[in-house]
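In the two assemblies presented below, subunit A is common to both, partnered first by subunit B and then by subunit C.
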Partner chain A sequence: MAAVEIRSVRKSFGRVDVIHGIDITVDDGEFAVLVGPSGCGKSTLLRMIAGLESVSDGEIAIGGKVVNDLPPRERDIAMVFQDYALYPHKTVAENIAFGLRMRGTPKPEMEKLVREASDILQIGHLLERKPGQLSGGQRQRVAMGRAIVRRPKVFLFDEPLSNLDAQLRAEMRIEIKKLHQRFGTTIVYVTHDQIEAMTLADRIAILKGGYLQQFASPNTCYARPVNRFVAGFIGSPPMNFAETDVDAGISRLSLGQGLSVPVSPEARQRLQPAAGRRVVLGLRPEHVKPGAGGPSSVPAGVELVEPLGSETLVLLRLGDALFTGRFPAEAGLKPGDTTPVDCAFANAHLFDPQSGQALTA
Partner chain B sequence: MAMALPRFPNKRKMIWLAALIVAANGFLPVLWILLTSVKTETELMRLPITILPAAPTLQNYVRVFTDQPIHLFLWNSFAVAVLSTALCITVSALAAYALVRLRLPAPGLILSVLLAIAMFPLISLVVPLFQTMRSLELLNTWPALILPYAVLSMPVCTMVLVSFFQDIPNDLENAAMIDGCTRVGALWHVVIPLTAPGVFTAAILAFVNCWDEFLLALTLSSRVVKRTLPVGITLYQGEFAFPWPIISAALIVAIVPVSILIAVFQDRVVGGLTSGGMKG
Partner chain C sequence: MSAATLDKAPPKAKPRLSPLERSERRLGFILLAPAFLLLAVVVLYPIIELLTTSVRFYHLAQPWMGTPFIGLEHYARALSDERFWESTLNTVLYIVITVPGAVIVGLGLALLANQPFSIKWPVRLGLLLPWALPLVFAGLIFRWFFEYNQGLVNNALGFFGIGPIPWLTNPTFAFAATCIAIVWKTSSFVALVLLAGLQTIPKSLYEAAEIDGAGKWQQFVEITLPMLRPAIVVALIFRTITAIQTFDIPYAMTNGGPGHSTETLAMYIHKTTIDFLDLGYGSALAVLMFIVSVIATTGYLRHTRRDPRKA
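Presenting the complex of A and B:
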């Protein structure tokens, strides 16, 4: 059990700066997820926590102890790699036991722990096999068995599910969540899949280009993104954006091509920071709803229809902007139709067009 | 390793022909030596030449063991070869690992320089080595041969190991280090077992190099009891006579141990142990 503190950590490879000073404190027992686009430095940060990369500047502490100069084996962590990294020449049992063996655990105890770990992960029947004889999902379970058997202070995961198919991924996601509930161990989990991030995390750290954008609970990141990048990254389908000039009275929002959408008095409060200036308006698909006669109803052209079974995503043209809306399953629309759409501006987000910083609280 | 061969109209036939030439070149002399070793000297000198011995005899082999202390030569050769191979592989493995993993500046250049060193003609090293060993008072000892042999095989062994180590995914070692290994521990527990074919290949190269070496052995180990096989075998030649059958028998005695060694390790050399640890 331990907190992981990342204090002003920087990393450069030669002359290339990859991490530009990041501060994150993962509380004891917390499930923290690092997300961000490819190349943003997620793996690098995780590997610095593991001790596989040196820290160029700043400090990393595990359980209150600065570990910058400790080799991986002395940090009491376990890591699950994207490509599993099982020892191909060892059996499943030997793979799981290896860490215990290196730490001089007595044999009977070792066997007991391996048995327990393999029971938890339901791989007891595979113990005598070599990794080459396992399916992808089974290898992933073995890799997790190898991590949990030592009961380390912190689990580190680097995109552990990205090699699995969608169904297996959903299954293993639940498995990982259960492991966390069972052991309550601190977890730092890297993924670029925002659904994994939303479903697993206590808090999500969103990285971009080596900078931390936001570190907050999934709901906070979703409801109160600090900038346009986070707003667009969290949520699926992503938030709709449109750049618009707002008049001082906030009576209408102009979306180009002569389309201006009336703003309800309730929404005016929300849009207050935009009064008399140019902003980027952000609206989530669930706030772009079908409806005539609403306060902000306007006709929109249907460009694309994506039925999902439970609902239908509709790509709509509103002036210059293309908005995705969540419509009921039986929307009965087809491309080329015109349909009335009601934008719930009371839930809108506003961002500065230059800096991208959120203007709404 | 796949190499792009130029396309011949009859590629298969060409390959068979080449293989035949290589095999014949290797085997026919050995076969001839083997046949000679069981002939009498009179039969060997007789015309017309007989291919198969008229009256096979093991007398030459008895003479091999009685005329000279060949058991000492065998023992010296064996000990020197084993020890220098062990030393060579240990150092080469560490060097290869460093070149592959430790993010050294210009690893390619370092490897080229290493290989360039191997291009020095041996004869140019004999005098300095002799002087060095004399100053160290190591002449006529095993270390006098073990040390230079290990160094001489090191470039090629390092190169072989580099090519094998490169194929081991980095995360396997990372996993081992997180599991509690030091870097050297990860090398020992994970990299070496997975590159066993490469390690054995390098070891056989080093071993055969030592087993065959004549020039340094002759210069640095002149006392009879410290001689290795290649030098020892020359002792069977008399001042005027050249007893071919006995020398042939001695050669067979020298060839057999290496053949057995290679045959035993053949399986391991051809093994493919790495499949399946990573996702692929």
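Presenting the complex of A and C:
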């Protein structure tokens, strides 16, 4: 086991800079998830840790040892690829044993380790088959078997679940989390799916355009996003945003089209940084709720209703802004209705309209 | 339905086709008909003609003899014809030497062309050029290369104090020279087939192997070769079939000489029919060659049925 340190790492392909100096330290035994939209550099960063891409500048250390110039096979890592990268002409057992065989492990020990790994992943009955005869989920398990059999210092996962259907993805997520609990090996995991990031990670590194936005626990990223991008990326459905002018006394928020929403005294403290200026207001869907009809409620037009069974997501028009609210399952609303809505501004996030940086702590 | 009616039902009733299926089937036959017709004209008819000619006396220099049926006499003559056996042996040697030779050289060229060159076209052009050259032209080029006095090869060897070697006048050297020319000419086609195969191997397999600890040679043995097997078999089939028919290059370089040392079966057939005008015997020889081709191809095709990517 080992920590992975990424120090001021840069990467350019020719003249194109894709990673602009990233610092991340993944602690020994930690499960770190690199997440971000396509092209943010997360896979490139992972491949640099693996040694499949060179580092243009900066240092990568595994277990305290700088590995910039070490080939992949000398880094003591294992990687699970998006397309599984199973050797199609070898059986499952040969696939799992390949890394051991390349390292000259004696045959009896090799067989024992393959048997153990396949038992853990419940693929013991598939050992003699070829990858072409397996389902997507089974292939995924074999790919993980190939990784765990060597007991490497670090596991690297490159979007391992993106080729699976939703149900299998949820199952494999649990499987991966169990593996981490069992082995306690350091894991660096790349995904574009923020739900995977939230459910799996000890800490999430959110990347955008080759820059690190935030590296913190899932709850911190959710509750205290450092900027508008993180706020919008983490959480499903995403945070609602609206540009608004706040008066000096923070008594009302103007949402356009003559709609101005009253601010409760308890929310005033939270909105203090916005006093007398224009800000981007962010509000999570769970903080947009059916109104009690009191003075704090505002009328909102219903634009779209998405029943989810346990609850209903309602897209609401508030002045110029479109807010998604979490409503009870039996909300009884339909598009075109007008309904009173309570916005819990005490939980609001405030962002600078230009820089997008968070103004609330 | 009662048990009695079940018993009466015929055990192997053909599934009835719906009118739509029947008209689709008819359309299928109509669409296939032109291809079948063409095949019949250019393949089937010549084969039948060849077979019938091979069992007749048919000598253009002796027209007064007519074309009487003589049974398997030509085949019996072939079996006791020393020149037939010699040219067959030469053909087999050409197959055994130039087919693996072309596959090995072609594999090397394909691996080279598969490297990430910044400018790809010179490599691809270099690969295509020998393939695009007419066979006779290649033969003439190599005849000049191996020429005794002014040839490029003897000139080059002269720098190292070797030679001059009688490339085209000594039986063994002549055979070697023609083999080199054939390998050069045919390995580019093999390389193209193998290059296409190489490009279907996912890069992630090599990356996985690299992380698993495999060096470059192990990656080649453990991934490239087995993944390339279907392409290699295809290249082998094509190359073997053309090797059985080896004609142009030895014809242009040595015309089968010195003696009959580089004469192939195809050349002997050509000489028998065109030079000696013995169409009957030539046809019998051609039938024998055809049988060898069919046997070789069937052997290979049996191999290809096994897909290494599956069970």
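Definition applied: the second predicted complex is superposed on the first by the 358 of 361 C-alpha atoms of A that agree within 3 Å, B and C clash if a C-alpha of one lies under 4 Å from a C-alpha of the other, contacts with A are read in each partner's own complex, and residues count from 1 in each chain.
The criterion applied here is as follows: a residue touches a chain if its C-beta (ideal position, glycine included) is under 8 Å from a C-beta of that chain, and two chains touch if they have at least 3 such contacts.
Computed from a predicted model, the values in this text were never measured in an experiment.
Q: In the superposition on subunit A, see if there is space for subunit B and subunit C together, and answer fit or clash.
A: clash
Q: Between subunit B (first) and subunit C (second), which does A:Pro88 come into contact with in this model arrangement: first, second, both, or neither?
A: So A:Pro88 meets both subunit B and subunit C here.
Q: May I ask you to decide whether A:Arg139 touches subunit B, subunit C, both, or neither, giving the answer as first, second, both or neither?
A: The answer is first: A:Arg139 touches subunit B but not subunit C.
Q: A:Leu52 contacts which: subunit B (first), subunit C (second), both, neither?
A: both
Q: Once the shared chain is lined up, is A:Ala78 touching subunit B (first), subunit C (second), both, or neither of them?
A: The answer is both, since A:Ala78 touches subunit B and subunit C.
Q: With the two structures laid over each other on chain A, which partner does A:Gly99 touch: subunit B (first), subunit C (second), both, or neither?
A: both
Q: Would you mind checking which of 8-16, 44-52 or 260-268 on subunit C runs into subunit B after superposing?
A: 260-268
Q: Considering each complex separately, which residues of subunit A are in contact with subunit B in the first and with subunit C in the second?
A: Shared contact residues on subunit A: 50-52, 71-73, 77-79, 81, 83, 85-89, 98-99, 102-103, 130, 132-133, 146.
Q: Would you mind writing out the residues of subunit A in touch with subunit B in their complex?
A: Against subunit B, subunit A makes touches at 47, 50-52, 71-73, 77-79, 81, 83-89, 98-99, 102-103, 130-134, 136, 139, 146, 163.
Q: Would you mind writing out the residues of subunit A in touch with subunit C in their complex?
A: Residues in contact with subunit C: 50-52, 71-73, 77-79, 81-83, 85-89, 98-99, 102-103, 129-130, 132-133, 146.
Q: Please output the residues of subunit B touching subunit A within their complex, sorted ascending.
A: Of all residues in subunit B, those touching subunit A are 169, 171-172, 174-182, 185, 189-190, 193-194, 273-279.
Q: Which residues of subunit C touch subunit A once you look at their complex with the stated criterion?
A: Touch list, subunit C to subunit A: 202, 204-205, 207-215, 218, 222-223, 226-227, 229, 308-311.
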